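Take a look at the following structure, please.
The first chain written gets the first letter, and so on, giving A, B, C, D and E; residue counts start at 1 in each chain.
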Amino acid sequence: MDLISTLVINGLATGMLIFLLAAGLTLIFGLMSVLNFAHGGLFIWGAYTGVWSYQLSGSFIVGIIVAIVTGLLLGLITERLIIRPVYGNHIQQILITLGFMLVLQEFIKVVFGPNQIAVSPPAFLQGSFYVGDVIFIKYRLFIIILGLLVYFVSMFILKRTRIGLIVRAGVMNKEMVQSLGINIRLVFMLVFMVGSAMAALSGMLHAPYSGVIYAEMGLEFSILAFIVVVIGGMGSFSGSLFAAILVGIAQAFMAYYVPALSLAVNMLLMTVVLIFRPQGLFKAKG
Amino acid sequence: ACSDSNDTSGEKETSSSTEEADGSEEVSAEPGETIKIGVLASLTGALESYGDQTKKGFELGIEYATDGTMEVAGKKIEYIFKDTETDPTVARQAAISLLEDEEVDFLVGSSSSGDTLAVTPLAEEYEKIMVVEPAAADSITGSEYNDYVFRTARNSSQDAFAAAAAVAGEGVKIATLAPDYSFGHDGAKAFISAAESLGAELVHEEYADQAATDFTANIQKIIEAKPDYLYVVWAGANTPWNQIVDMKVEDHGIKVTTGVADIATLPTMTALAGMEGFTLYYHTLPDNEVNDWLVEQHKSKYDGAVPDLFTAGGMSAALAIVEALKQTDGDTNTDTLMETMEGMSFETPKGTMTFREEDHQALQEMYSVTLEESDEFDYPVPVLKRALTPEETAPPIMNQ
Amino acid sequence: MSSLLRLNQVEAFIQKFHILHDISFEVPKGDVTVLLGRNGAGKTTTLRTIMGLNRVSKGTITFQGEEISNLLTHRIANKGIGFVPEEQGIFGELTVGENMRVAMKKEDEETTKRMEWVLDLFPDLKKFWKKPGGALSGGQKQMLAIARAYVNENELLLIDEPSKGLAPIIVDKVTESIEQMKEQTTILLVEQNFLMASKIGKQFYIIDDGKTVHSGQMDELKEDKVLMKKYLGIS
Amino acid sequence: MNLAKVEKSTWIYLIFSLLLVIVPFIVTGRSMQFIIIQFFIFAIFAMSYDILLGYTGIISFGHVMFFGIGAYSTAIVMNQFDSTVLSFILAIIIAIVLAAIVSLIVGVLTLRLKSHFYAMLTLALAGLFLVGAEKWRSLTGGNDGFTFKLPEILRDSQNFYMLCLLSLVLIFFGLRRLTKSPFGRVLMAIRENEKRTESLGYKIVHYKVIASVVAGVVASFAGVLYSISLRFVNTSVFATDMTIDVLLMTIIGGVGTLIGPIIGAGLVEFAHHWLSSLADVHWIFERWIILYGIVYILVVIFFPLGIVGTIQKKFFNRQNFQKKKQQNHRGKLEEGRDKDEIYRNG
Amino acid sequence: MEAILETKDLSIAFGGHVAVNAVSVKITEKKFTSIIGPNGAGKTTFFNLLSGQLAPTNGTIYFKGRDITKLSTTNRTRLGIGRSFQITNVFPNLTVHENVRLAVQSQANVRYQMLAHFNHYKQFKEKANELLKIVFLDDKADSLAVNLAHGEKRKLEIAMLLALETEILLLDEPTAGMSLEEVPAIIDVIKKIKDQGDRTIVLIEHKMDMILGMSDEVLVLYHGELIARGTPEEIIENETVQSAYLGGEYDEQLT
């Protein structure tokens, strides 16, 4: 029982971490249907600038804020220069965002050097404690809480405000939305910036979790995020959350019970889901 | 060994330089008077920092070995660095270009085992000596061995022997945790056999996804197996250290041990302070003239930075080559060189190394250490417990 | 009556292709003005150009005395111009209700009232309120497109072939609704259904080959068999 | 065969092929030859990808699995048997048969999925192959890989160059014919509008599966040549990076043009080589990858349809535009509606 | 007279909404049948069921006495059921000519031919040109379909349908959005096919004059149910039709 709870809790934390990463992509890829391979680049920039200011100022909060600001700014630049000319064209999106990804990744090394940087959680989030026989790692609990927070805030914005509708409508038919008097360009830009900020934030949160950051981590993790968005059903926040947790927990359990397959968990999970439910978990057929 | 005849002589004489890639600062003297060395390393990409260390170490090594003259036996030494980008295709292309266009006499490299394996057959084909540094895969001097390959780098088995020497003993229960790919498997397997030969008992063998972010299951299993020592083979990012500490492995009476790699990884091991392990190199550990020179020169040349793991390696490769040339009196005939180098001993920052005759693996010193917090840095540093002699960590011969 | 919208020698390209050559007309406030012309004449392009969905390369478009040529589409729309496009522009994955919500600029009482009125006009929409727009029948989509333009208070409505695909009874309803609308809203209509157009239109312009070639009062056109034959193929 | 009936472009391509035959006699440096050989191999790989992406409209993120199958089949066969020409031929046969079987199964299993989902599923399947290669260490040597020996005749760089060139030319003409056949036209119809193609009476799944088998087999053959060129194989032949590379080559050259991917492969191969060699020129170019990334961005901005695609369109348009103008002063058409018209006035 | 197409209790429901409700109808061979009904009555859905785009929740479809309920769209087309679409549905980035040629080709036995050049099949090319002439699109043969005006796309649809040479033509509002000038021309095309007398035509239209002028029989769908069938004259007199569909008095429309 303790074993199960330990696995579940840690799997949940991993899931939340993946969700944080996928959340930005749910907006950008799931909602706006932009295949943004530079997402990983935003992730590492968030991580590096965040960690840099965290280590400089000694305050984790400052790190988080800086990461978010970096995300917003980079999102703005990315949207205006890179994405805007290629909305609606996946092929061009792949090429241009991959190019930009290379630039972002390599630029990290120019600014912060090529070495990996070690990061540890702030003092108040360090360590772990027992409840009964189940071990709780503080930083992971923090991640779980933050993940839920992000989830609820995003859900609120999407469901309770018109923004969500407008974005979805804008993806389907941009001209029509404009004809209805909506500045879709601005809306898209804002959404993109928020998505980027989420990527940057997750980069920052990821850093103390894995203990180190390095320039190449971006692409690796963004592929995982793509997987989660697709399993969840494109554009569905709840789907992404569910899928991320599923992946996290499946990883934990697979690693324990079928270690031989643990390398392939994500892939297997996605294969099974897509073969039996081609539209993803949280998406009505259509 | 295989004796694969080659057919490149015809091409060689017609070889014209189609591209000028001259990375060395040296101006070559008259042809024939120059000895060229081609160095392959990951100068960009994920292993960039390794490549950078090799490069610096190699440069310093040549300087040291020639007393700054850049000449050996009256011949000028010229070296050319090429980037492999940690991509076997690029590595091979770069190697061909070095061998053909630059007509190098030696190859050195490279930062990844995959790149190195893509290149070693070329050494054989062109009948040139290749000094492998710092790739560690056992197969390079094992199943994929050829006569032209000499390795100054340690191989995974040596690591394992060092680790085993540090912790294993009669009746000691051990467990391993390693990433689930060649490097991890090589390392864990070698450790287990080394430890078992010292009388230890293996209670658990665990492999984790190298990209995993959650090691709960793996650590949980290890805790359940109740070993005395947990030997962790790890390289690259996504380190399990934090979680090992967070899950209070030590509270279960399990001592963690591992190899301490380059300086950049030390901060990730903060939580492991107090741990016993081993290392290949840390600038304060080896106590010899060469290392003193290296540390001093490196500091003055690079803003006070100290040399790192592969700096010493790169230097050793350079020292090996120059030493061989000294012994042949500048003769670059491959057979002569090979004969000379087999069994050759030479001084390096890590003490005396010897190329074993059978598989051309350099036997070398390793260091048994304790990670201790230091006042100087905000990360723990390895403190020497005992230098392990080359014989102690000699790996089995695997190329038969 | 003053003219609400005026096009003055407008030319437009679609990419390299010169589609509109010389479009000039005026839409007086409070009337229904009809654009007629054969397939491919440029009627749709004209409406799209007014909406800013096509660039004006020469000439001017003025709305309420203010030049609007080449403003961004949403700016134009916010000046009080509503648009029912030829291809309907339904958001297929949004429900009928959501389609309406995207369209609503305000949520005040006025809008609510209009909404009720629209739903009375097209009860089908109310019935399928939660259905995705893409699953509607062709005619229902057309109704939705019109309804979307009706819920906002607009000075001017551009409607491209509203009767297309509608059952006769609905065509009557739409005709009627336009008659009602024109109290507050001026309408520029493109319509192939001459019967309908002639019922509600006050004046007309004929577009042929990207030019306005004729204009006049609808009543006169109905009598002018020669003109009808020449440009509209009606005999 | 009636020579008069042969298209003009065919002659042009043939002349280019002949020019390439002469190259190794001029460029004798083996390292340059090696680069050109890589270019040929990736050109073949990229063409196979174009059949999927450009002609059938399928984005696959796992095309590398067939490349890897070819590479590993060859390496394993050459390692287990004598290094003779016979085992080389055996390797090719095994590579092709395996790729055909795998692509058939994968196709049947996955091709009913919609674009993004299909793309991600293929990514997953390729990932499984990667894991498989990693895990089956006794055969593959895992991530480190292994080297193998070649028959005498293939070891000669010149011979191998000719082999690759010949393969490229034959495959190019073969695929070109395929795309211009009635079958190929149906593929394009599927790309444009799947549902409609179905209602014209075509069984689209059959077409897609056949297309993916053809693409798989050709990719596998490229993999064969690749591992021969390296005399070494490791798990990188299954890595996503490789799919991304081939994707970029195809897109840069221009999808749906077949010659585009060849040019794209050449461009990527040489730009990469040239830019990375800049690092030796000046330290500022140590970060040449940034320039490399910028090249991609510039390509999209200046050649939105890829190099060949964009040039073709410009050329085609001008010709048609003038022709049309005479007949019809409205002279329009021929141009796809701009996908993104809103940003025109910005 | 033979019934070429027959449905028995054909129904389909989307969620709770029954779009076609137990429709049993026989469509007579080589006759002209029209379907009318208010928007959302289920006409297009009924076509979708016949052509296989949708699977019925209930009921059976017979083609020449054979049960085809389970057949795919492709197979039905091959058997001889062709349809046009209410929303234009062409291959946007192929030329107009290529659009039609593809339809012609699907009828020949070279579907999987990979080795021969498509230009090798001259007959397809010519046939396509011929069909484009019929619908007055020959001057746009080399344009990309995406660039056609709405009415022109409709014509292209018809040309593609004719190319299929199916025994039954299901036409879903073929003249919607066509200009007054051109509607008669399309009607002429349809009439011509009708007069050749070897095809069965089923037409959905809201233009009553067209229906009245051409149909042998008219079916009326209302809320998914078949509420009336008969000759045009009978239908026009039908009171339900009057009130539910035509709306008040029906006056002679211009066209």
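As a convention for this text, a contact is a pair of C-beta atoms (placed from the backbone, for glycine too) under 8 Å apart; a residue touches a chain by one contact, two chains touch by 3 or more.
In this text, all values refer to a predicted model and were calculated from it rather than measured experimentally.
A.B. asks: According to the touch definition, list the chains common to the neighbour sets of chain A and chain E.
C.D. replies: Of all the chains present, those in contact with both chain A and chain E are C, D.
A.B. asks: Going by the touch criterion at the top, tell me which pair is linked by more C-beta contacts: D-E or A-C.
C.D. replies: D-E
A.B. asks: Report the chain whose mean Cα position is at the greatest distance from that of chain D.
C.D. replies: Between chain D and the rest, the longest centre separation is with C.
A.B. asks: Report the chain whose CA-based centre is farthest from the CA-based centre of chain A.
C.D. replies: E
A.B. asks: Roughly how many whole angstrom separate the Cα centroids of chain A and chain C?
C.D. replies: So the centroids are 44 Å from each other.
A.B. asks: Where the CA atoms of chain B average out and where those of chain C average out, how many Å apart are those spots?
C.D. replies: For chain B versus chain C, the centre distance works out to 75 Å.
A.B. asks: Starting from the mean Cα coordinates of chain B and chain D, work out the distance between those two points in Å.
C.D. replies: It comes to 37 Å between the two C-alpha centres.
A.B. asks: How many angstrom lie between the centres of chain C and chain E, each centre taken as the mean Cα position?
C.D. replies: 28
A.B. asks: At least two other chains touched by the same residue of chain D: list those residues.
C.D. replies: 134, 287, 289, 332-333, 335, 337, 341-342, 346
A.B. asks: Spell out, as numbers or ranges, the residues of chain C touching 2 or more other chains.
C.D. replies: Answer for chain C, listing residues that touch two or more other chains: 14, 52-53, 72-73.
A.B. asks: Multi-chain contacts only, two chains or more: what residues does chain B have there?
C.D. replies: In chain B, the residues touching two or more other chains are 44, 180.
A.B. asks: In the complex of these two chains, what residues of chain C are touching chain A?
C.D. replies: Against chain A, the touching part of chain C is residues 51-53, 72-74, 77-78, 83, 85, 89-94, 98-99, 101-103, 105, 132, 134, 148, 152.
A.B. asks: Residue numbers of chain B touching chain D in their complex, please.
C.D. replies: Chain B reaches chain D through residues 2, 4, 6-8, 11, 14-19, 21-23, 43-44, 83, 85, 87-90, 92-93, 96-97, 100-101, 113-114, 117-118, 120-121, 125, 137, 139, 143-144, 180-183, 185-186.
A.B. asks: Would you tell me which residues of chain E are touching chain D in their complex?
C.D. replies: 51, 53, 72-74, 77-78, 83, 85, 89-94, 98, 101-103, 105-107, 110-119, 121, 139-140, 142-144, 146-147, 160, 164
A.B. asks: Give the list of chain D residues in touch with chain E in this complex.
C.D. replies: Within the complex, chain D contacts chain E at residues 177-178, 180-186, 188-189, 192-193, 195-204, 206, 210, 320, 327-328, 332-337.
A.B. asks: Which residues of chain E touch chain C in their complex?
C.D. replies: Touch list, chain E to chain C: 14, 17, 36-45, 86-87, 147-152, 173, 176-182, 184, 206, 208, 244-248, 250, 253-255.
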